[in-house]
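The following block contains the structure, expressed as structure tokens.
Letters A, B, C, D and E name the chains as they come in the text, with residue numbers starting at 1 for each one.
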Amino acid sequence: MFGNDITIPHLLIFFPLLAGLITFLIRNEASVKAWSLVSAIITLLISLASIYYRHNPELSGLAFNYEWLKYIGASFSVSLDGLGRLLTFLTAFSFPVIFLATYRNSYKNAKAFYGLMLLSQAGLMGVFLSTDALLFYFFWELALVPVYFLCSRWGGQKRIAATFKFFIYTFTGSLLMLIGIIYVYLQTGATSYSEHSFSMQAFHSVSLIPSQQNWLFWLFFVAFAVKMPIFPFHTWQPDTYEQSPAAVTMVLSGVMVKMGVFGVIRWLLPIFPAAVATFDNVVIALSVIGMIYASLIAMRQDDLKRLVAYSSIAHIGLMSAAIFTTKQLALEGVMIQMFSHGVNIIGMWIVIELIERQLGTRKISELGGLAHTAPVLTIMLVVIAFANIALPLTNAFVGEFMMFGGLFKYSMWYTGIAGLSIILAAVYTLNMVQQVFYGSANTLTSGMREISTNEKIILGVIVITIFAAGIYPQPFFDLTKDTVAEIITRFK
Amino acid sequence: MNAIILTAVWGIVMMFGGVFFKSKATPKYWAIAGLAAIIIANCLELQTGEPFFALDVKYMLSFNSFNLTFITVTLASTLLFFLLSGRDIEKVGANVSEYFALIFFVLCGVCLAATFNTLLILFLGIEIMSIPLYILTGTDKRNLKSNEASLKYFLMGAFSTGIMLMGIAFIYGGNSEGSFFINNIVLGEGKMPVMIAIGMVFIMIAMSFKVSAAPFHFWTPDVYDGAPTVFTSFMATIVKIGGFIAFIRLFENSFGKVHGQWQMLIAIIAAATLFIGNVTAVFQQSVKRMLAYSSIAQAGFMLLAIFALNDTAKEGLILYSAAYSLATIGLFAILIKMHDYTIEGFNGLAKQQPVLAVTATIFLLSLTGIPLTAGFQGKFFMLMAALKDGHQHWLVLFAVLCAAVSAYYYFKIIQAMFFKEGSQQIKADGSVAALAEDITPAFKLLLIITALLIIILGIFPSFLTEWLHYLNG
Amino acid sequence: MPVYYYIFLAVALFSIGVIGVLTRRNAIIVFMCVELMLNAANLLLVAFSKMHYQLSGATNPHAAGDAQIFVFFIMIVAAAEVSVGLAIIVMMYRNTHSVDVNFLNRLKN
Amino acid sequence: MTNIVQIIWLIPFLPLIGFLINGLGRNFLSKTATGVIGSGVILISFLISVLVFFSVKGGNTEVAHYFNFINTGSLKVGFDFQIDQLSSLFLLIITGVGFLIHVYSTSYMHEEEAKDFAKYFAYLNLFVFSMLLLVMGANYIIMFIGWEGVGLCSYLLIGYWFKNNDYNNAAKKAFIMNRIGDLGFLLAVFWLLNKLGTTDYHQVFALVADTQKSQLTAFDITGITLLLFVGATGKSAQIPLYTWLPDAMAGPTPVSALIHAATMVTAGIYMIARSNILFTMAPTTQGVIAVIGLATAVLAATIALKQNDIKKVLAYSTVSQLGYMFLGLGVGAYTGAVFHVMTHAFFKALLFLGAGSVIHAMGGEQDMRNMGGLKKYMSITHITFLLGCLAIAGMPPFSGFFSKDEILAGAFAKNPVLWVVGVLTAFMTAFYMFRLYAMTFSGKFRGTHDQEHHLHESPAAITFPLIILAILAVIGGWIGIPEVFMHGGHRLEAFLEPIFAQSNVIAEKHELPHSTEYILMAISVAGALLTLLYAWNKFSKYEKSEEVETGFGKVLANKWYVDELYDSIIVRPLRSLAAFFNNVVEKNIIDGFVNGVGKAVNYGSRQIRLLQSGQVGTYVLLMVFGMLVLFIIQLFL
Amino acid sequence: MSLLEILFWFLSLLTLGGAAMVVASKSPVHSILYLILTFFAISGHYILLNAQFLAIVNIIVYAGAIMVLFLFVVMLMNLNAESEPPQKNRWMLYIGAIAGGSLLLVIVAALKQTTTTTQLVQMNTGDVGLIKNLGMILFTDYVFPFEISSVLFLSAMIGAVVISKKEA
């Protein structure tokens, strides 16, 4: 029913979907794990193919378009552009890593767990691939629901309340966005079947008077801001990260967060240029405040997960600030940073997970001196941590450098203030490293064992990625050239 | 036409069947068979436009693709209701076939309400819909709550009938033609005559009462709570959407020309309904009562269709009705099987009855309006219609905020089923007491089919809305 | 005789019915008040029918008749309602030996 | 000459290789192997640097492009190395001194077990690599990479003994204070990017040279240079960011010698010398630099007067010497500053290594009050140390004399007051250095008996570097003999001429009359000599006494309470602010609002539920009210 | 003041008075009697309007059948003033009265604005209300509603059975 040919975008969406559904049918846990790992790896290969064949339009699904609800002008149209390739790759890359990293964990009712994981992957893919507003909204919600179940089923003590808050929060946001989508849709021109159209082209070419843009902007923005999250819409995040099972936290922070950023770049900026020009100051101010605020709070956290959560808020703040400068330099920075942030934070979670699995605690105050018994883990952590605070030759540096550079072009003073977060980041990260890994081991931590080989391999992969992207980031820029150019032309 | 006549006739058949049927189970099969036949007849009429009986009704009825599609939806929902809850109807009391007969009469009333062309038929249709319900509500004779419910329902229903008649009288007096035909009640675009306006408000109130819109909803929770759960399910779905079709047809044909003059009232009613329904549902402990409030809340969303009153609204109303009925019937069907109607009663259901839990989840998601379920399509069309209309954007905003609130209480059940540990007492022989009883494989299968229907409608609403494009819609 | 006399009369009757429904707790009396409301509507309809007949009896003879037929149907429905209503009241009386519409709440208190 | 350029990438690459080998093989490599690899790579780099040095002697600048680090529509950053006189000089210092210190370390760190030994050398190599990036980069971004890299390595090496949390704190402090500086550096780079769109040295300098082409306002230049200087204060431990350096002495002594004396801390000077043209265009900044530099010199010197920890004294003297260099930069005596970097690298490395040798002999004892009379136990250390002291005290013909004198002369030319303070500082330097010398080597031993028992001269691996450095400390200054003594004697100035050419053009260069120069030298040397002798006979007979410092001495002994000051005006407020955010704003205000909405709904639910009284009368009443409202709206509004 | 008007006023007074007493009187039996009185008055109005058919039906169906049914039920339960459930909260009475009154006021006020209501009503002449004519219409035009209303009665009948039949 999907028209003439199956293209890479469809594989990216439907393979995880089918894999997930199949997972529900498998009985024993071991084969569930194996199957989901294999399918995740296949997805990774597909996305690699999508990058390899990026100059081949047929495979990128640009031509493809299935009239889905033709009489209201919605179509099942998906396609890959630079940004899409980048983020689908991030998604495809992170899932195998996550599965490997948590391979040791055993869940009750594993098939449901892995099935939902794969479904959420499909949803994410859809978000990044769809070029139809309604379809986008569909996937936007679909990515959310499995995660909700994952968190509240396999999460920690206060999981139900925390994830419920998270769900209501994001659901409200997306409902507001739905109004926005419909309103914009009603302003679009007619297609051959319908009087309006949901297609991205139609949305991007719709002409809205500034007064309309100004309130529509906020409808969309709130949805994305909650997802990212931007101060002050962030309070769901630390609780959710803290309560979710490690694998889900990785998905949430590594990939899901990018949905917000992606949404802003793909939908908000092109549709409401005037409003963006009006409110960029507000948003950037919020983001900068958020950076400092979150960094300061991170200094006070005792739970590793919460610490990382707040640091993530700070990083995202920088991204959103950079986006809303609509400066080319900043946007290029955002592109690579989206990937880097994903890799780094997943690495962080993996380390935390490894510690918690062995010692059963995440409290910084209860840890210490792990470096004696687990030097490799320490080295990995230190590398990831320094990547997290954007040390040169790690992947995050290039991104942050360019984003700050773009922000500076926008305003020297914002940059000055935002720059303080660099220092604060160093403060809380080094505190964490010191208190968890250095010093002398206490009774609990002296029992820490060195991590296993396969864990070494996973962390090794991440570390290598960190350095590779940090030393030779050029491929990312080449990959996302087109998207950036497309945005920039609108704000010339 | 087919539907009206056949439902009436089959009602009579069931009635006399009560004398001959030996086994308690027989009426169910007759009812199901008959209803299936009626649905087919109706679909044929929908496609060909040719009823079996060429009755001259003097233009008192009008049949078009919208009405007939709608009738199909209601009949199909009823069939599903029979299939899912037939066994529970038998449990209510002795005279099973009478219950079925009454239900068929209600259906006849719904068909009239869907096709009326004069206020007289509207009045008769509404009454034919209501009177059997007063009885069905009271069928659990031993149960005081059931008695009270039926009494309240009856008194307030009669009260609303009075109001409606007053309105009809004023309308009759007000229009120069002195006609009851809904199409020539308001002729000009200009300001309505005062008498027409008064009559319209009266009728609007009466209809709001029938669809339980605030502030005329007060009977709903008590009645739904008191009535036997099977019949609550029937009332909350088929009858309610029957009321809606009457509502929208009346106001579209009679007062459509002066839409702008009364839109505000509907906006207020809708807002009030959304608010009261959603907010009050939050606190409810009994799932049955919560579903009563949720049905009020959903009515608030459906009122958006009457607020907008454009083609999208009509498509949306059909979608919404279908989605809402499917989900609610399914939920009630599960609820009936439960021992404990409180939310705690659902704790840990996912372990004992995974199928029930999963399907219930899909129903709840549909009611919440999560994409990939029919409920989303319904809400989506409603919002689109309201925005298309272009007035009172605040109402749309308010509606989605209320939808967010609705997620709050629907998900409480999901949480109970999946994430809470069951607090069932261990029986003497050490086995865990079952949360739900007599779950047959067929029942599960039907639930799964319902869930699939919801999902299919959620992805391809066109399967339903394309019916509108038969005949000269 | 101007029609508004009848209108006011009917509305007054209607309001009395409403007041009755509001104030009485005896189910039967409440029901009777409802009947008052119905009759108000009937009266109004008849009055209007004659008004229309006066206006355009020649051109549009149906208008007047329709209304009176309508009243006839109202009476039919009323009759049906009464039978059902009284049955319900009787059933309730059987169970509670009371005709108070709020008996359950009294039980609660 | 270009054939050299083709291999310059080896200079940083070899240490990197060393780092990788030592890092990855830390579990298998023997100590010997580690040492050989670690030092060997540096040696080779040093040899190449020598070649490079001679290749650029002719005055030519070579840029080697390797790959595009960043190449987008808006930003082009090549991974380029630049070889010219300045960088080649620093290459020599880094690799040369670096090599010696590696050799020294092989013996000094020998007690460490093999894997830590390897770790140590890996870090050391990594540091050299970063430092080389810093000086070889052909644009500010590559420089920044090295800039942060050395910070990282210093962090790792200070915290080398990570069991001790004081060390970790010191390391953290060092890194964070550097970060503060780095922020300044970054902002400056952004500013440059924003205004000029490039960070390549030659383009930037070319653009800066003609302001009308680049539309750089005076404000821009001043801002940029000040920010750069902030960066420099971080790396080179100037006021207000100097306090990390003394704490950094927590690291192994060779580390202090290499990183915190010879190389890393001079990065700031290198950076400013590298962008001298910018600073010359910004007289305001220069003023600031001169004042800050001098202030730092004085402050550190005063503190050094009262320190008893041998390494602490050296640390503060380093800070003070760095202050000197900044003074030089501030007054436009770029050559002098670079010259002083070089000589300082020699004698300060020497002094640290000597101190290390002493500590080694004393079995880890660092308090001078427990030393004394070591000259008869460890002669080589003693001699070399003495030479070092003389050099830093500025005694002719030792190297310190020439470089310091050049800076002072420049200062006088700018403003006599600067000179006066500078000279006083020089006297203090002489004083505390000889206090140190006397307390350590002369008098009689004050330590415990088994310490005395163990006293011995250090092995060759330690003494050999000492000797080399001593020789350099003595003769190092002779490449910069001032005009007054020998015409054309200042070979260094001639060598570096291409670097500072533009600045020299812009900045008005007023030569001091020779007579004045003689007088100035005389005063400084004489003064230094006097204080030196005073210190000698005051402390050569030093007896351990428990008298506590009082009054001003106490203030000095406590380092002017600067750490306490920072703690109370920055650290604590920040922490309490964070606490406020965490406990009040986050929990009560923001999250409180979110949860408040939920609570409100629940509350409303409970209230509205009461309408559902079950009383038909009430229901109908409410319905009638509803009717009334609708009627009124419809009919009267 | 013509005879018609006198009759009109008299009947109106009777109607309203009776209605008021229905609401007011304590004993249900009295209420019913007053209600019958009201119905007669209304029938009088019908006659006045020359709607003879309805007048008769009103008397037969309402005053006759329905009211007798009521009376029967009341007698069956032998309800009287004592067994009358007391209206506990007095304010309910006032509020109710006020609400109903204001409803009247609102509508009257609304109608006052218009002039259409001054339209005359044809009194005691005009043959539309005669049984012959209405019968014609009823069995030609209104045959369908007439048939369908049988469903109503059927359901009412079933209802009565289902409700009042003793559970076996």
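Just so it is clear, a residue touches a chain if its C-beta (ideal position, glycine included) is under 8 Å from a C-beta of that chain, and two chains touch if they have at least 3 such contacts.
These figures come from a predicted structure and were not determined experimentally.
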Neighbouring chains shared between chain A and chain C, ordered by label: B, D
Given chain A and chain B, the chains that contact each of them: D
Most central chain, Cα average position: A
Relative to chain C, chain with the most remote C-alpha centre: D
Centroid-based (C-alpha) most distant chain relative to chain B: D
Chain B and chain D, separation of their C-alpha mean positions in angstrom: 78
Centroid distance [mean C-alpha coordinates] between chain E and chain D, Å: 103
Geometric centre distance via CA averages, chain E-chain A, whole Å: 71
Distance between the centres, which are taken as Cα means, of chain D and chain C, whole angstrom: 98
Per-residue multi-chain contacts in chain E, two or more chains: 92, 95-96, 99-100, 103, 107, 110-111, 117, 141-142, 145, 149, 152, 155-156, 159, 163
Junction residues of chain B, two or more chains touched: 120, 124, 127, 131, 134-135, 138, 141-142, 152, 155, 159, 163, 194, 197-198, 408
Chain A residues counted as touching two or more neighbouring chains: 168
Touch relationships between chains, expressed as pairs: A-B, A-D, B-C, B-D, B-E, C-D, C-E, D-E
Contacting residues of chain B [partner chain D, same complex]: 152, 155-156, 159, 163, 194, 197-198, 200-201, 204-205, 209, 214-216, 218-219, 221-222, 262, 264-265, 268-269, 276, 279-284, 405, 408
Chain D - residues contacting chain B, complex: 598, 601-602, 604-606, 608-609, 611-612, 614, 616, 618-620, 622-623, 625-627, 630-631, 633-635
Chain A-touching residues of chain D, taken from the complex the two chains share: 67-75, 141, 144-145, 148-149, 152, 155, 159, 162-163, 165, 168-169, 172, 175-176, 179-180, 182-183, 186-187, 189-191, 193-194, 574-575, 577-579, 581-582, 585-586, 590-591, 594-595, 598
Residues on chain E engaged by chain C in the complex (per definition of touch): 4-5, 8, 12, 15-16, 19-20, 22-23, 28, 31-32, 35, 38-39, 42, 45-46, 49-51, 53-54, 57-58, 61-62, 65-66, 69-70, 73-74, 76-77, 79, 84-87, 92-93, 95-97, 99-101, 103-104, 107-108, 111, 117-123, 126, 128-129, 133-134, 137-138, 141-142, 145, 149, 152-153, 155-157, 159-160, 163-164
Chain A-facing residues of chain B, complex: 365, 370-372, 376, 380, 383-384, 387-388, 396-397, 400-401, 403-404, 407-408, 411, 415, 418-420, 460-462, 465
